[in-house]
C-alpha cells in the first residue's frame, strides 16, 4: 500500500468509526455504484474518472485511475477519456491532467 | 427538430458565423471528442452524460441523452449512469435528474 | 400542492419507479440527513439552504426555503443565512438570492 | 427597462429593503468593484463577463453584456472574450454562450 | 499559532497591506458575517463549514472547524454536519472529509 | 525554470507525447486564445487570471500571474483584479488569493 492508499484507509476508518449511520450508508452506496450492473464496472469507472476530472478532484482522479487500471483500461483509452474530460471541462482541468498522467505512469509501472 | 434542437442550431450558427477561428476550432474538437476512437462512441457519450450531470448543465444533459439513445443506451443503462452521477455529485444533482428522466421519456417515446 | 411540488413529486416517482436500488437508497439517505439528530432539523435545513445557495441550485433553494419555513425560520433569520451564503459564494449567487427572496415571500404569504 | 432589468431591480430592492447591513454593504462592494480604478471599467467588465461565463450564470452574463456594451465593447471583442471563456471553461459553457450571443444581438439591436 | 494560522495571518496582512479598499472592506464583511446576529455564531459557523465542504476548500474547512470547536461544537455534531455536506455534495467531497476528520482530531487533541 | 515550470513542461510533454490529436489541438487552442487579437494579450491574461481565481485553480493562477507580469501588469492592477475576483467568487477564493499574493511577490522579486 502506498501513502495515498494508507491515508485513505486510515481516514475512511475514522469517518466510519464515528458510528454515524448516514455516513456509513453513503460509503456503501459509493462502493456499490461502480460494481457490475446494467453497465459494467469498466464503463462505470471511466465515468467516475471523467466526473472526477471535470470536478477537479486529484484524489478522486488517482483513485479512479487505479480502479481503471485494475479493469484493464489501456493507456490509449485513458488518453481518449482525458480528451473527453478536457473538452467538457476546459483548460482549467489541465493541471489535474498533468498530475493524472504522472500518476498513471506510476501505476502502470509500479502497480501503485 | 424540436425547439431545443432548433435554438441550439440557430445559436451555434451565430457563434460560428462570427468568424472567430478559435471558437470554430473548439466546436470541431467538441464534435470529434465523442466519435469512435480507442473508446467507442457509446462509452464516450455515457462519460459526457455523467460529466454533464455532475456539472449540472440541463442543456448538456438533454444533448447527451439524445446522443446516448442514438447509440442504443437502454433505460436501465441510463438509470445505472444516473446513479453513478448522483453518488459522485450528490443530492444537488437531483433536480437535474428529475428533468433528465422527464426528457428521457420524451426522447424514448417521441424520438425527440 | 403548487407546480413545483407537483413536478418534483411526479419526477421523483419516475426516478424511484425505475427500480434502481442505488437511487432509492440515496433518496432515503437524503431524507434522513435532515431529520433531528445530534443537530436539530432547523439547523440542518439552514445548512442545506446555505449549501444550495453557494452551489447555486434554484430548485434546492426553493425546497429548503419551504422546509426552513416549516421549522419556524423567521424572515430575519433567512436574511442572516442569505448573508453568510452571499459572503462565501460571492456576487455570482445574487441572481439566486433574488429568486430566493421572491420565493420566500410567496411561501410566507401563501404557505407555498 | 426590459423584464430582466425590472425583476432585477424589484428583487434587489427586496433584498436591500430587508435592512440587513451585511447584504447592503456587499451590494455596495459589488458596484464599486467595476468602477474605474487602477484598471478601467471596460477591462473590469470584461473580467466580470469572463468570470460569469466560466461560472455559468446566465443572469450575470446578461448583466455584464449590457455593461460591456455600455463601455463600447464591440462584437468582435465579445467574440474574443467568449473564446477565452470557452477555452478555460470548456464545452459545458456552450449553452450559456448560445444564450449570450442571442442576448448580445438583442442588446446591440434594441439597446436592451 | 500553527503553520496554517501563521501563513494565513501573514498573507492576509499582505492582501490588506496593499491598501485596496475593496479587499479591506470584503474582509470586514467576511468577519462580521459569522458574528452573533439573528442567527447565533455557532449556527453560522456550521453553515460556513457546510458551504466550505460542498465547495471543497480545505483551508476554509480547517478554518471553520477551528471556529466551530471554539463555539463548542461536539464531535457528534461535526459528524452530523459532515453527513449533510456529504449527501448534498456527493462522494467528490470524501477526500476533503478525510482531511477534515484528521484536522478535527488534531484540533480537539492539541487545540490547534 | 522553477519547479512549477519544470513539472508543467514535463507533464505537458507526456500529455502531448501520447499522440492524441484532440489533446494536442486543445493545447494549441489554449495557447492561441491569449495571443493579441481584437482584445490584446494583457486584457486576455487578466481575464484568464480572473477566471482562474473564481474557479479556484492554484496552478492556473500561478501561470496567469507570470503571464500578466510579462505583460507589464502592475501590483496595483493585480490588486484591482483580485478584488473583482473576490467579489464575484466570494470568500471561498480567499485561500487562493493568499497563495496568489505570495506567488506574485516571488515573481516580482525573483522573476519566477
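Labels A, B, C, D, E and F are assigned to the chains in the order they are written; within every chain, residues are numbered from 1.
Note that a residue touches a chain if its C-beta (ideal position, glycine included) is under 8 Å from a C-beta of that chain, and two chains touch if they have at least 3 such contacts.
In this text, all values refer to a predicted model and were calculated from it rather than measured experimentally.
Listed by label, the chains that touch chain D and also chain F are A, B, C, E.
Path length between chain A and chain D in the touching-chain graph (shortest route): 1.
The chain with its CA mean position farthest from that of chain B is E.
The pairing of chain B with chain E is characterised as same-residue: of all residue numbers used at this interface, over half are used by both copies.
Fitting chain B to chain C on CA positions gives a rotation angle of 120°, reported to the nearest 5.
Here the spacing of chain A and chain F, counted between their Cα centres, is 27 Å. In whole angstrom, the spacing between the mean C-alpha positions of chain C and chain F is 36. Looking at chain E, residues 22, 26, 29-30, 33, 51-52, 54-55, 76, 79-80, 83, 86-89, 91-92 sit in touch with two or more other chains. Only residues 22, 25-26, 29, 32-33 of chain E touch chain D when the two sit together in their complex. Residue ranges of chain B in contact with chain A, taken from their complex: 29-30, 33-34, 37-39, 43-44, 46-48, 50-52, 54-55, 74, 76-77, 79-81, 83-85, 87-89. By the touch criterion stated above, chain E contacts chain F in their complex at residues 7-8, 11-12, 14-15, 18-20, 22-23, 26, 30, 51-52, 55, 57-60. Here chain B touches chain C in the complex through residues 56, 75-76, 79-80, 82-83, 86-87, 91-92, 94-95, 97-99, 101-102, 105, going by the rule given at the top.
Only residues 54, 86-93 of chain D touch chain A when the two sit together in their complex.
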